[in-house]
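Heads up, the next two complexes both have subunit A, just with different partners, subunit B and then subunit C.
On to the complex of A and B.
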């Protein structure tokens, strides 16, 4: 046994695997079954990650992995709030607890196809793709998802399709009666020369019992395709959300991603991996978080420059209050072949409480000699000069502090190009700042 | 209007102001001149309420109200305005929203109703013309990427919008070219009424060619060592600060 956590929930999962798998053998391909078995043996051996693992050094799942957690069996679709963003003109696709809800979803425009679990399993083309991009050797949480996911869907953007309306994939979770575990995944394929925008929101109304979500998203972005992706977390307290995202970018493709956590989610862990497989790609990553109370948000990003002439630009900004904890781990690998790489990374934090913690770790590993790379990490306090300046104009101290926090985060949000989405995120920002009882130390 | 008596102030234990007495009446313009390090900017900061400065002795009243007992925002609401020597850049806070917030706070303190958007924009347009500031700047983030001259004109725009009783201009002329200097000076002259007052802190006499002060005070080593009329500024310009410092230390 290694240094993992092997608690009651672990035992429950290990005990239930064979039974669950027996029921699925008729539906899924032998290929997938084989992958699941492999993943299961990895998970079985490693257990849940503890802080003894380098990648989990600052994030403990111990409190999240309640003994009483159970795999979600019942899928209740009779929910009313599908978290539609009203001002946003988008195609609404609703996944309830990971499962597609056609009666709550809009019809897709031309050029984009959605496959629910059944359709995905039936489509032979996807057999080689599901669980192939993301591999789990030393990633027990990913292995856990591969072994146990029940729902899987595919979004496919056809070659040369220009999908003008954003697709809003609304992930909603029903309010549960017991502590539940929801593992599911999605595959996004952007075929060559296509262009599309996918907005993913993660939402649940207030939770009485803990909800633990394991979400894996694999993405293939083919030659000259442009994919704009947004991840907006609006989960409440008592939600624990662990995501693994594996993105393959091919020749001259563009990927934009925004990662917004202005919610009350108790724990959020993102592993966002971008593999630049071919030349001339562009990858722009932005992130924003404001944490209050006991919240814990951990963003691990990895940009793996495997080919020449690729560009990445990453900016993550966050504010910490109360006893919250943020982790930023930004890896950039520049492989020997990846000459003429441009890679810029920045993580700025405002630490506004004596009891809050930030662990910010930029990690550049460069094996090519003709590259431009930079990284910066700052952890700062309230800008007292700015505060005084605002106060001398008659603005009260509390309001001035909020204005400064707002502006710190808005710097990132302003990069969201869809105006109505930017407004929506600004509203989340204002809500987070105004409704919270801020204790600014 | 402003009544300062025996004001002493220190920062991190270092005494900067060593007993300032100054009385400013409505309708007056006072210039405070002095060499670098004499305490000019400290005086401005202490009056505006910058937290790092500790007042160790003395009093400062604005229309009978104890300034030193108020938070910076309360001083502003009571009608004190400080035009900063180095206006702070605040990315993400739009100039126009900031002005609207400030004006709403100050009007509410004075018991005045909130301006409608239309009234606010009309007022802004009028005052903008006064300092010849482009609308594109007004719509940008507060001072972000502004040139030195634009920042100073933006300070005067804020002054015009907030309509204070007493405005302190802290080296507003430093770093301004002659055109910007004329614009700033003409703005101040147009804002001058018999009900308000200005304290102009400057190192040079240049600005005082355009804004004619009623009184000139020379600050040296934390005290006002000489007061007079506008001729004093000219004399100082001709003879230099050495004249006054030698005079003070008795070497002449």
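On to the complex of A and C.
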């Protein structure tokens, strides 16, 4: 039963697949070519996902997949804003439209290696890793990326390396005068006993023409490694961002991930999958979103407990205004052997507009008995008592509302351990809350 | 752990107590489903033309439908042409219990629900549905005095066609889902109740369903209407005789509550669950839906599900009237190879509507127990409130517990809360009871009973006893 969307952009992509393969500037392994072909046939069959797919039940891409979209071509980026976070003492790596820009990037410290597209393709070790972690037969958007990505980079943290400075990977996109589609991907390998922090920001200056980004990130976190990842979206209106992230965690590894959407991005879809491959892992996921106007943010997380003694903790909080739409789908899967699992999940929403919609689906699928799993989900409003209390202290109603919203989100961002990054995110929060259209509610 | 294993085995092996079948001559339609089948059923029941047309329309739609694929289990291999769609005991239209087949009475006696006893002791009016035609109805006179209509669906079609015509299919349209369409086409009989304005039904209305004839899927239709300001409590319980062949039970229940009316609907379901390898057992695919149509109306579903190979139903409430409220209390216990995919939908449409969902799942053996629910607060349902709690208890490491809650909020004055937990029985609870001299088996029974108490308490007295018995039977031999 075909339920996909087969629009003009689909036809354009199908037509350009062969041409694109020929135009690649590097020689890729036969392995990868085969994967691309497989992925292409999946995409060709399924088309773009529609709301008839369970995983896309609440998110429609129809408006985003404009007819005039084209695959991104070369662009001059000499004047680009690299979105450096000034207060943050970090090593800066810039990817422009998914391609590494060495002239804009810092020198990497010891213990960490970056491979750009050419280097990645030349490195035989990565051959069987690229597009191997993230594979799903029924995920058309992932298949689309696998079939069409041209840029791919690898960030490798050496075994036993403790990288103290955070690595700021700045994903920036050029502003162009046509509607463009950018598929690219990245692989992160944290070797045994390593420790590092990766901050990813996604940025573009304001857009006139739509920008559709498809980003796939695969991560391997090996034994006893600690990896802190932050995803901060600062994309403007007219940007459509679809991310698929596949994380493999091995014995006693720790992953802390934060997912911040306080921007004006038009559509954001995150598929974050965490596969707990070996015992004793820890996974902490936090997320925050404030949506205004017609924004649509959809976070799908899947924590797949495949081994015993793993802990996961997930908190996502969001505020909705205007005609925005938030979707949260948090799946926790506990396999038969994954005894002694602790999994906690929470999603809180402040729904402050009658035209906004929240769809929350915290889902548990449990096949082992010695587990502690719980989830909670709420949709509600501001506490009137809190509001009243603040007003009795001489704080105006509007200011009081903002204060409450701020503290609601701050609850999540206060978990970001790097102080200067926390400040940066707080600034984004304040900026978002200080736009004019927030006086309502 | 070996002790646990032993106990688990015992639990898994305990046989279905109510597995026996009764020999009564039944008139059976040969298996098969087509327009003629529907015409035959309709003619047999002397139905008016509009009802036949309703059935035919449903059949037409049914034949175009595909089997669903979203459920959390493999769709069983059902051939709708292999089912016999009509079976009726030959002796019909009995005026009093004395005329009822003694064998039938004995069946009920075995189940501990002897009609006489119930009539005498509890004052419950029992409308017995044996296979497809109602053969005994009690307390009818008493109810008629205060204007309550409580009869078989067939009788209602004959005697109160205007009510049936007005409400049939208004809550569960014939096109709603595969099994609702099937039911609408071939429903044989069922129960009908109408509570007039301002009447508080003085007794619990109750029906015992029982599948009996070989291969005759049972397609019950229940329609309950509570007019303005009335109250009714309805009990439904099922036990099925042992069979090695799967039996399909696709009932439709529709409840309608008008202004200020209240309907309380309780179910204890114990169809034959199949043997320990999952062979046989009843497929319980039921569509139950209520509409709280009027202001201040109230609907309450309570269910205790321990039987059936597959239980697949979502008793739902459409909260249409302002200030209306809906409740759903459920205990679902699965063991061996049983599957339960159950839950509820609360559709908030009216202002100031409230709903509460308490679901307790218990899985043992190789069973899988899913809660699937929808709470939808529409834009117009201002100041609405929902609270949902769904807990799962796992007994043994081969079973599964799953929750699929869909939560949707569309206005800025409503509050929705959902929480769910999954765990096994805590060691320290067992230990505490052990040190008070209570052995493992009893301790587990006690804890499970306490776990389900919140729901069992919602059942009317008559049912609470049976429900506790059922849980006890299911935990017989108990677990570690």
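Simple rule for what comes next: the second predicted complex is superposed on the first by the 432 of 441 C-alpha atoms of A that agree within 3 Å, B and C clash if a C-alpha of one lies under 4 Å from a C-alpha of the other, contacts with A are read in each partner's own complex, and residues count from 1 in each chain.
The criterion applied here is as follows: contacts are C-beta pairs under 8 Å (C-beta built on N, C-alpha and C of every residue); 3 or more make two chains touch, one makes a residue touch a chain.
Quantities reported herein were computed from a predicted structural model and do not represent experimental measurements.
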Side-by-side fit of subunit B and subunit C on subunit A, or clash: fit
Which superposed partner A:15 touches (first subunit B, second subunit C, both, neither): neither
First (subunit B), second (subunit C), both or neither touched by A:399: first
Partner chain(s) touched by A:407 [first = subunit B, second = subunit C, both, neither]: first
Contacts of A:363 with subunit B and subunit C, given as first, second, both or neither: second
Partner with the higher number of touched subunit A residues, subunit C or subunit B: C
Included angle at subunit A between vectors to subunit C and subunit B, based on C-alpha centres and rounded to the nearest 10 degrees: 70
First (subunit B), second (subunit C), both or neither touched by A:384: first
Shortest CA-CA distance in Å separating subunit B from subunit C in the superposed model: 14
List of subunit B residues in touch with subunit A within their complex: 48-51, 71-73, 75-77, 81-82, 84, 87-88, 90-93, 98, 101-102, 105-106, 109, 141, 158, 162
Complex interface listing, subunit C residues touching subunit A: 70, 377, 379, 382, 392, 394-424
Interface residues, subunit A side, partner subunit C - complex: 54, 336, 339, 349, 351-381, 441
Residues of subunit A touching subunit B in the complex: 383-386, 388-397, 399-400, 403-404, 406-411, 414
